[in-house]
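One chain, chain A, links the two complexes that follow: it is found with chain B in the first and with chain C in the second.
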Partner chain A sequence: MFEAIAFYLFAFLTIAMFYIAVTTSQALYALSSLAAGMIFISAFFFILGADFLGAIQIVVYSGAVMALYAFGMMFFDTTRDVKEKQGNKAIIIGLSVISAALVVLIVAAPIVGNNIEALYPITEGAGNTQEVGMVLFTKYLVPFEVAAVMLLVAMIAGIVLAGKKMDLSLTLMNEAEIMLMKEEDKKVLS
Partner chain B sequence: MEIGLNHYLVLSTILFAIGLVGVMRRKNLLMLFFATEILLNAVNISFAAISHYYGDLTGQMFVFFVIAIAASEVAVGLGLLIVWHKKHNNIDLDNMSTMRG
Partner chain C sequence: MEMAYLIETVIKIVVVLLIFSALAGIGTYFERKVLAFMQRRLGPVNVGPFGLLQVAADGIKLFTKEDIVPTNVVGAVFKIAPVITAATAFMAAAAIPFLPSFTLFGYEVHPIVADINIGILYILGIMGVGLYGPLLGGMASANKFSLISAARGAAVFISYEVITGLSILAPIMMVGSLSLIDFNEYQAGGFSDWIVWSQPVAFILFWIAAFAETGRTPFHLIANDHEIIDGFGTEYSGMRWGLFFIGEYANMFFISFVISLIFLGGYGDGSLLGALGLLGKVAFFFFFFLWTRAAWPDVRPDQLMWLCWKVLMPIAVLNILITAIVMM
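Moving on, here comes the complex of A and B:
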């Protein structure tokens, strides 16, 4: 009973938050509603007994990803309203619903046909975090290491792309120097 | 009233449709990134639900790796977006048609 109440409450909240995130014309509203939706999604993980993933969802999405977006938004001019594509709304919504249903059908078809068996069944008497650790560091050790290398590559790429001229401080330069630097930037980038 | 696997799959479909609507109607690239995050999260919910109802941990492993990929995607994507914004002073999708030929 409580599970049903929790499911419907969080389903409603998540859908409402994500609907605001894709329809609002204010970038700040979109960011905050997206962060709220991420936290509500972690509630589903806790309901489903995946405690480790719920914690990861809060830490990574609401913590790291949202903070990264917030820092990114400081670089962009987000005070002006976001322009939208002028298209046929019925076609857009129809196409989205059809393709989403198709994706779920593709994923769910073998399950409904009862063709899957549990490869790594949940062990008795172990917590979720312990189970995840046992499977992750035995069967999925190589993908785990590859994911670690990929995160390192992403970190280096982020530093290289966004961290140019980090040794200069705009507050310590006068106007002429800043203008000169902007001109040089245009030459290098174009 | 029992919550079954179908409830979660329907919820995942709805969230995926919302994300796709966002991808199709947004012009600002930052908003486009938000919509892709919604898509990834919709799939994560269905992975976790299938993992729970079939007593198999593989679904949770996939959610773990999807989260790792989403984090690195954001890092690289925002870096590229900052470089583009420095050069063109906007991040609208319509201006990114220089390869049109």
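Moving on, here comes the complex of A and C:
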């Protein structure tokens, strides 16, 4: 019974939060409700007994949404409303209803057809964390390693792009040196 | 059965909430007294014996002060930000075993609200979420100083989460579990079994990161009085400001519990002596927070980032590598 209560409570909260995130024109409301919704989703993992994934959901998404806040801070005055262009309402509503129906259909079809089978039955005596590890480092080892290499490539590219002239400080240079640097930049570009 | 479990959990939650909100208040008294002692002052002396009732006086003042919400702030977010700080601090406490299990009126009590098998991950995750309080408070305040404080909060959070996670990975590899109770049992053999002897580097790194996670001096950049007034708290008044404070002090207590449980043997074999030992260790770490505040100046933000990415992170990664090689 408590499971059912918890499920409906968190389902309502999650949908309400994401609804606010989509409809509001205030950047801070959107970001805060997005973060709250992401954290409420972790409740479903906890209800299903997947503690590890629940905690990972909190850790990863709280960090990821935090990065969005940082962008928000850089690009807008977050205490003002954002002026949005209003498109054709009928098209927006129609498209969202159709895509929602499609998602429900895609998820529900295999369940109705009884085609879902658990390929990896629960190992006796192993906790949740060990279960994830076992599947990750046996069947999905190659995708896992490829993802790791891709992240490394992205990191190196980020460092190369952002790291130009990191040893220079404009505040410590005098006017002549700054002008000289600008001249050199022009030469490189032309 | 389910009903009994529910009632037990609710009682535990209420007890933890009451004890630690009271301790947060008393913590401010200790902070003033310890700082006063170290700076050769008297500290609070006027209200009650040794100034002990100063806590009650502060409480009355905070509760009865007018709740001001300035113009131009983003109302809802501004109001909810202090609640996030306090609530997440107490949510993190759900997975901390405060004492060994004991028998009360013939009923065995486990002083942990939820013994989930990923305790550490959960605690660190929720403590990370706690930084949304200062971040949202700062961004919603329509005040430049608050905004600077929020930006610093985000930077410190994203950087020092890395140090906490990496430093704690080596002990987790040794124990092979994420539950704090398993950590305690791994070190139950006594003084020589403590993880701090085999993982001294991880211990120091986690301790340093704990100062950043709780926002204490020398990493007290998000509310640095002499540069940015009170940072995210500048526009707050009354109990809303007090909630930020309760969250900060509760976090200090909880992180002290976590350090003692992971590195210093926790409550040991579960005897009365072990339980007192755990409380002693927590008291020492709490005192150490106050001691550094009296002894050290704040670092600059760029020094903080330099320390994190160029010193602590390479050391943490090397520590993991060496631990893995030794364990193989």
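Convention: the second predicted complex is superposed on the first by the 137 of 190 C-alpha atoms of A that agree within 3 Å, B and C clash if a C-alpha of one lies under 4 Å from a C-alpha of the other, contacts with A are read in each partner's own complex, and residues count from 1 in each chain.
The criterion applied here is as follows: contacts are C-beta pairs under 8 Å (C-beta built on N, C-alpha and C of every residue); 3 or more make two chains touch, one makes a residue touch a chain.
These numbers were taken from a predicted model, which means no experiment stands behind them.
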Contacts of A:Val22 with chain B and chain C, given as first, second, both or neither: first
Contacts of A:Ile56 with chain B and chain C, given as first, second, both or neither: both
Partner chain(s) touched by A:Tyr69 [first = chain B, second = chain C, both, neither]: both
Partner chain(s) touched by A:Gly94 [first = chain B, second = chain C, both, neither]: neither
If touched residues of chain A are counted for chain B and for chain C, the larger one: B
Which of chain B and chain C A:Ala108 touches, first, second, both or neither: first
First (chain B), second (chain C), both or neither touched by A:Ser32: second
First, second, both or neither for A:Leu151, with chain B first and chain C second: first
First (chain B), second (chain C), both or neither touched by A:Gly133: neither
Doubly contacted residues of chain A, that is, touched by chain B and again by chain C: 1, 52, 56, 69, 72-73, 78
Partner chain C, residues of chain A touching it in the complex: 1-2, 26, 28-29, 32, 35, 39, 46, 51-52, 55-56, 58-59, 62-63, 66-67, 69-70, 72-73, 78-79, 127-129
Chain A-touching residues of chain C, taken from the complex the two chains share: 2, 6, 72-74, 76-77, 80, 116-118, 121-122, 124-126, 128-129, 131-132, 135-136, 139-140, 142, 147, 150-151, 154, 157-158, 161, 177-178
Touching residues on chain B, where the partner in the complex is chain A: 1-3, 5, 7-9, 11-22, 24-28, 30-31, 33-35, 37-38, 41-42, 44-46, 48-52, 54-58, 60-61, 63-65, 67-76, 78-83, 85-87, 90-92
Complex contacts: residues of chain A adjacent to chain B: 1, 3-4, 7, 11, 14-15, 18-19, 21-22, 27, 30-31, 34, 37-38, 41, 44-45, 48-50, 52-53, 56-57, 60-61, 64-65, 68-69, 71-73, 75-78, 82-85, 87, 92-93, 95-97, 99-101, 103-104, 107-108, 111, 116, 118-122, 131-132, 135-136, 140, 143, 147, 150-151, 153-155, 157-158, 160-162, 185-186, 189-190
